[in-house]
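Labels run A, B, C and D following the written order; every chain starts at residue 1.
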Amino acid sequence: MDKLQEACGIIGISAGGENGGGLVSKLYMGLISIQHRGQEGAGIAFAKDGAVHCYKNKGLVSEVFNEQILSLISGEMYLGHVMYSGSQDKYAISAQPYVVNYKRGSLASAFNGALANAAELRDEMENGGTVFSTSSDCELAAVLVAKHDKGDIASAVQKVCGLLKGGYAMTFMTGKAMVGVRDPYGIRPLCIGTVDGRLALASESCAFDMMEGAFIRDVAPGEIVTLYNGEIRSVYAQKPKSGERAGCIFEYVYFANPDSILDGKSVYQCRERAGYILAQESPAEADIVIGAPDSGSPAALGFSLCSGIPYTIGLIKNKYVGRTFIQPTQTQREMSVRIKLNPIRPVLEGKRIVLVDDSIVRGTTMRYLIAAIRRAGALEVHLRISSPPVLHSCRFGVDTPDANDLIAKNMTTREVCESLGADSLAYISTEGMLKSLEVCGGENFGFCKGCFTGEYPNMDLQEYEQILL
Amino acid sequence: MDKLQEACGIIGISAGGENGGGLVSKLYMGLISIQHRGQEGAGIAFAKDGAVHCYKNKGLVSEVFNEQILSLISGEMYLGHVMYSGSQDKYAISAQPYVVNYKRGSLASAFNGALANAAELRDEMENGGTVFSTSSDCELAAVLVAKHDKGDIASAVQKVCGLLKGGYAMTFMTGKAMVGVRDPYGIRPLCIGTVDGRLALASESCAFDMMEGAFIRDVAPGEIVTLYNGEIRSVYAQKPKSGERAGCIFEYVYFANPDSILDGKSVYQCRERAGYILAQESPAEADIVIGAPDSGSPAALGFSLCSGIPYTIGLIKNKYVGRTFIQPTQTQREMSVRIKLNPIRPVLEGKRIVLVDDSIVRGTTMRYLIAAIRRAGALEVHLRISSPPVLHSCRFGVDTPDANDLIAKNMTTREVCESLGADSLAYISTEGMLKSLEVCGGENFGFCKGCFTGEYPNMDLQEYEQILL
Amino acid sequence: MDKLQEACGIIGISAGGENGGGLVSKLYMGLISIQHRGQEGAGIAFAKDGAVHCYKNKGLVSEVFNEQILSLISGEMYLGHVMYSGSQDKYAISAQPYVVNYKRGSLASAFNGALANAAELRDEMENGGTVFSTSSDCELAAVLVAKHDKGDIASAVQKVCGLLKGGYAMTFMTGKAMVGVRDPYGIRPLCIGTVDGRLALASESCAFDMMEGAFIRDVAPGEIVTLYNGEIRSVYAQKPKSGERAGCIFEYVYFANPDSILDGKSVYQCRERAGYILAQESPAEADIVIGAPDSGSPAALGFSLCSGIPYTIGLIKNKYVGRTFIQPTQTQREMSVRIKLNPIRPVLEGKRIVLVDDSIVRGTTMRYLIAAIRRAGALEVHLRISSPPVLHSCRFGVDTPDANDLIAKNMTTREVCESLGADSLAYISTEGMLKSLEVCGGENFGFCKGCFTGEYPNMDLQEYEQILL
Amino acid sequence: MDKLQEACGIIGISAGGENGGGLVSKLYMGLISIQHRGQEGAGIAFAKDGAVHCYKNKGLVSEVFNEQILSLISGEMYLGHVMYSGSQDKYAISAQPYVVNYKRGSLASAFNGALANAAELRDEMENGGTVFSTSSDCELAAVLVAKHDKGDIASAVQKVCGLLKGGYAMTFMTGKAMVGVRDPYGIRPLCIGTVDGRLALASESCAFDMMEGAFIRDVAPGEIVTLYNGEIRSVYAQKPKSGERAGCIFEYVYFANPDSILDGKSVYQCRERAGYILAQESPAEADIVIGAPDSGSPAALGFSLCSGIPYTIGLIKNKYVGRTFIQPTQTQREMSVRIKLNPIRPVLEGKRIVLVDDSIVRGTTMRYLIAAIRRAGALEVHLRISSPPVLHSCRFGVDTPDANDLIAKNMTTREVCESLGADSLAYISTEGMLKSLEVCGGENFGFCKGCFTGEYPNMDLQEYEQILL
């Protein structure tokens, strides 16, 4: 689809008591609950008798694992991962966790995000004779931690984080310990909870709901947590400067599950609130409000709530169009969009429509969608987008298309409106976006709004831009 | 899931001009658009140079076909099918169309529904020496038509329909002609449209949207339509007695796609309207209205519209729980429900909830769902069901569980309410249900309400009840 | 193919020291070396920390296992199995080992052979309330042993063997011990050896070659061996009456690998010797001797050695005709034979041929083969079979066709010769067969020649014949 | 395995009458009969109503096709292919035939061999604006023929052959005609026959046996045959200079099926004869002669025939070690050889052995094999090779390893003997090799012995050597 894509999801369950098959089953279901963060590979590493083993493959969690394979996985600790890979690089990793064996034993690494200085760090290590198997940041991080391990894995992670620039959440598991860390700005999410009385880490809180566990708290920006023997030990990689933070706004806009709470804020409520503020900023005269399923629906409800224009369901999403869908000929590309969303004519016919979506990236899907809504008899289509225009590439792990393909980069809003065939178009303002996040619980803190404004939190990262883009 | 299951979907595209690969691609996408009618098998038969060929297999449309296989399918006519099979019978067919070769050539048959007198007809034919390969009504119909074919397939179908009792939509394709028919009461749906200028048949009108074609009209109850050379020829199998009709209500309640229009009525609007009437009949004092996704959402919107209680999204459906999902241990069965629907705590917490669903069959899913909503902090849960209690087995092709497993059959509504853990429970009345169907466009006609009332349209079918149940 | 089919192969590796991944790899290769004993299912059970786990599936060893799955298998003991299943029974087991959990822990069972009184034993247990999951003798044996386990698994096996009638080799593995047993007549084979310094059991000695281990000795008829802590402990289930034995002749004729040594006799040499004796008993005037590949080749060499008629290769076996081979139409069945064996015309043209095969069961393959050899220009075809005519069904685990399908049962040898289109036909005599086994090393002992003579070793088994046939 | 690998097999069946499903079935079986020429990809192109379609994929013939897919293939002509691909090139083709669509219609190409001037021809065409999809010679040939097609495909092929240098057999199929061609030296094989009364082409004559067809004759070097309407029309690309020919010797040594007759010579007899001459040239004092299965067996029989030393079977080949076999750890590589061939101890023990194989390339397999034979108790092992030492890379489509990996290139025969652990080693002389080919029927003509002598038939090709090696 025509959306930005995220880079991964992590769940780790630490040691601390008896283990049964039920724990592996819960991890499996936890991974399915964060499958939206990555659908191209899945894996589970586990620590048994001091050694780390791993089973992983390309595909969905439900394709990679089956009952018999899960029955072979048991140990004292588990580290699961779902992966998104935008890479066409043939040396890319195809699934995580990544396991390295080194003089002190074995180590599994699960990674979400992107390192801005990866090329520099690799060069340096390769000059020192290190050989890498893949081009992934996950392997790089694992090798760095292994290299700095003098017996205390948390200290090794601390030293390595001093070398890293970028946005990341990482989890490392040795035969003895499990360590999680977020970058100093808190760009990528990671939180702590329990599963069956054991401490655990997860990219999103919804995983704890699914595993019948309990959410405890978010990992703080720059914090390194070690889960050990039922205790959470905490050290800091780099103290965030005067509490400066920069959570990724797109987690709230699109990536995270609506039933997750990230850094204290309900993802669903942020989305609904953004729709509400959008209606205040850019009202429309219309008969009904509809959302582009599924990610546009909460903001559409918010728009309806504020404007008083009735919300309804105007587009049906086909549940059977999976990754295996084929587009028989090139000229029929449009049909792959058509098959995913079908308008309900009796709902739309003769109506003035407000269509709300969470974001526009290339605009190709939206152009078709508006045409389809018109063919179904809509009189007017007023497009409202609950995030600001995407104008810049992400440097922290989100797979943004080339600047040339970003529709808002190359046209004025009026031109975009015309190009998409809408009667009017408005985006939420950056201020409105930030305001929607403020009022939704949790303390208020800074966000990375780089993809909207081009201002990235980590100023000294600008030198890496060339490499990244 | 804990829903009634339908028995199949059909799409046929007739001859009438030049054919290109694009037509097969469209048929493929049309089949995906009716995949909800059957997910266990898929197939495409095609007529080429006067002979009928077929490719079919178990699995979803997107699993059975790939680009290379589609590239091998070309001819003058096509007949596609998606199949649901509740059968544990090892002689059951695993996918349709079913092709028979006989003295006049070959014939493909695609079937939706059930024949009430199948056993009797089989007995009679087996006594006459006929050997069947499967226990399916689809084969039975094909063999009967082949037997009665004296050169005009429509006449053969007409004769055969005189022998059949039950609810069905069938399509037959020979090397020369395509014929579709609905039972005299119009229980199962079938409609006519065009694709790329050719006449076509489909179980639901949404298929024509997907194939970029145009809907023309529904096949009338008892009507036999022959698509030939761009003309629709029509004869009647049995004239419905004084226009008596009996469309399956469950098509509107659950089976059909919300973007379809069946016999003139918008499925979406019928569902919304049922929710509206339900709110009139059984109001509730509450803070928000939520639907059980996805099938409960339209009625929840209707309930909100009538009651003025705000509609919101309170439950998130996991998109990655497919047919391959495993339930690692028996004791964790509940988790398979848990993983499919997750409540959004910040939306539900401290609220009095109206939860709307389209139907209750066994009640197992609903019991869990209400518990989950309570755990998410809901103060009260008022359950409203937009169809009457299911009390009887279907005789016309719907896979109803044993009467023992129908929760409403064995308990009073008060007991069901308690058993499910709701604060109140109300179903729409049968009259309310019928009223919702009346106001949603199309002419008004009778419906089969057998599963609610035990009164089946075809009175003389009662003798077959013993065989069926 | 048109051969009798065997029922399984077993390899068990016992505890006794450190374990590495290499041991699982060796077991994997050992299973491939006995794959000829069963190609329909494969599995490995393993004992870890006192509990038994298992991974198994339908398919060849190389299809069921892959590197990642093998990497998840590790423990103190291993029990592997390859399965042949002639059964169409839908309750049949699809792969072994079979694992049962019971009050004393868990137990894996691997089985080769057949129990003559299985139905009786099941009835008795079912009357006592036992529920079986499959119809297999493997499960029956596992359940019986679990039921009789009072803490010493060897004693339990001993008691159970007192109840069993039939021909079998079985291996049981609990979390602590591994026990192997052969029936009192030694019908099915089982031998002891070492792999990486650990004691092990295998159906055939060739497995020890493959696992770079060493053969120690055959398990004696009726012997129960417990492999524990590097020691072989031995008790007897039932002392064979005065040393009476009844090894299955067909193991030497066809089932066993030519590189195995069973009960002291080289399988290859027995086959070659049978050909030698056959040439003495039934000489032929001919130009060349050829074997039906691969199983007829050793006897053909023996025939050549005795007769002085030169041996040559006259038929080429296609290596690419696997289980997945399809026979596109029924009328082309003959082609499935044709594709497996192709005659070399320049070798056969103008020659008088002696064609040697190890056995004839239905005769269908042979009929085609002789026709093909004639089409390739052979002047005469003298068929010589290095085992006596198969006239009776096996009661001890070999999948014999219905008596109606045994060509020798229904025709005189002259009629068979004519039916197959040979110029002459001779089988080795039963005496000749036995003599060939005598001279090939090992002590001399009795054999079961039931399939040739109808005399079965276990006289009191005749009452079960009705059930079996 | 440690053998040279061939590059492909072709079967084409031309138009000329009614077609039934039986013809596709026969083609399918024909492809299985030449599967030894390529196991990595398979495909069938077919011409229907003037257009060419194709179904192909990676894998064995029996994996790529199944009954349903074959049932979709029907037309007036068929072109099948099996492919070997030594290439690691990611732009390589994964299966043939290759189909191009161009202004005159569509064209399928099936290729066996290698073009020496491919790079030059590509450069030239790319400079002219042609875009290639793959790096294969098959595509190059197809594009060239399409480019030169002025309405008569045979003329186009004739023109194209004037541009090509190398060794090849190619077949082209348009909607109307089928054309086959061999390079002017006749390096790669191609022959003509009939299947069900239709004219056909095949890489080897064994395919006609399998398809119940009849062999007619070999295509002559440089000959372009057009199969049309039951007639064979013949033109010449380039007249071979004074009948100079250069058939690939390795076709007789290893590639071709023993039941094929290539250019008038029986492959089996050539191999047997080479063994005979080898025994004359380099006798050995020994007790038995054994062959390395399967390709060494005919020469071993010849050696036995000449020397009088009895031939026997000493090594058993495992039938279940397929492409899916995994080598669990790098250190266990030797086991992958071990698992393929197991010595029969009772046959070898205490004996002086002559071991005959058809060729040695790297020597790795042979080293292990001799060690295994010694471990099985052999007193002496005299290695005899029925082809001369391989010293040079092939330029005509055979996948030869780097010169560094050719054991005979880097050691004297005495050193090779020691390195392999044999007691003596002898190769057949080049003269002996040629003599063995002379006496085996057919007219006598020249051979390419480049891999033995470094002298290639096409002298002006030497300029391309740099590109090729």
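Brief remarks follow.
Basically, contacts are C-beta pairs under 8 Å (C-beta built on N, C-alpha and C of every residue); 3 or more make two chains touch, one makes a residue touch a chain.
Only a predicted model underlies this, so the values are computations on that prediction, with no experimental measurement involved.
Of all chains, the one whose mean C-alpha position sits at the greatest distance from that of subunit D is B. Subunit B and subunit C have CA centres that are 52 Å apart.
One simple way to say how far apart two chains are is to compare their mean CA positions; for subunit A and subunit C this gives 56 Å. The mean-CA centres of subunit A and subunit B are about 37 angstrom from one another, to the nearest whole unit. Counting partners per residue, subunit B has 71 as the residues that reach two or more other chains. The touch graph of the protein chains shown is a ring with every node of degree two. Applying the touch definition to all chain combinations yields A-B, A-C, B-D, C-D. Subunit C makes touch with subunit D in their complex at residues 21-22, 24-26, 28-29, 32-33, 35-36, 39, 60-63, 65-67, 70, 206, 209-210, 212, 257-259, 261, 266, 268-269, 272, 297-298, 301, 305, 310-313, 316, 318-322, 324-326, 328-329, 332, 335, 338-339, 342-347, 441. Residues of subunit C touching subunit A in their complex: 53, 55-57, 68-69, 71-73.
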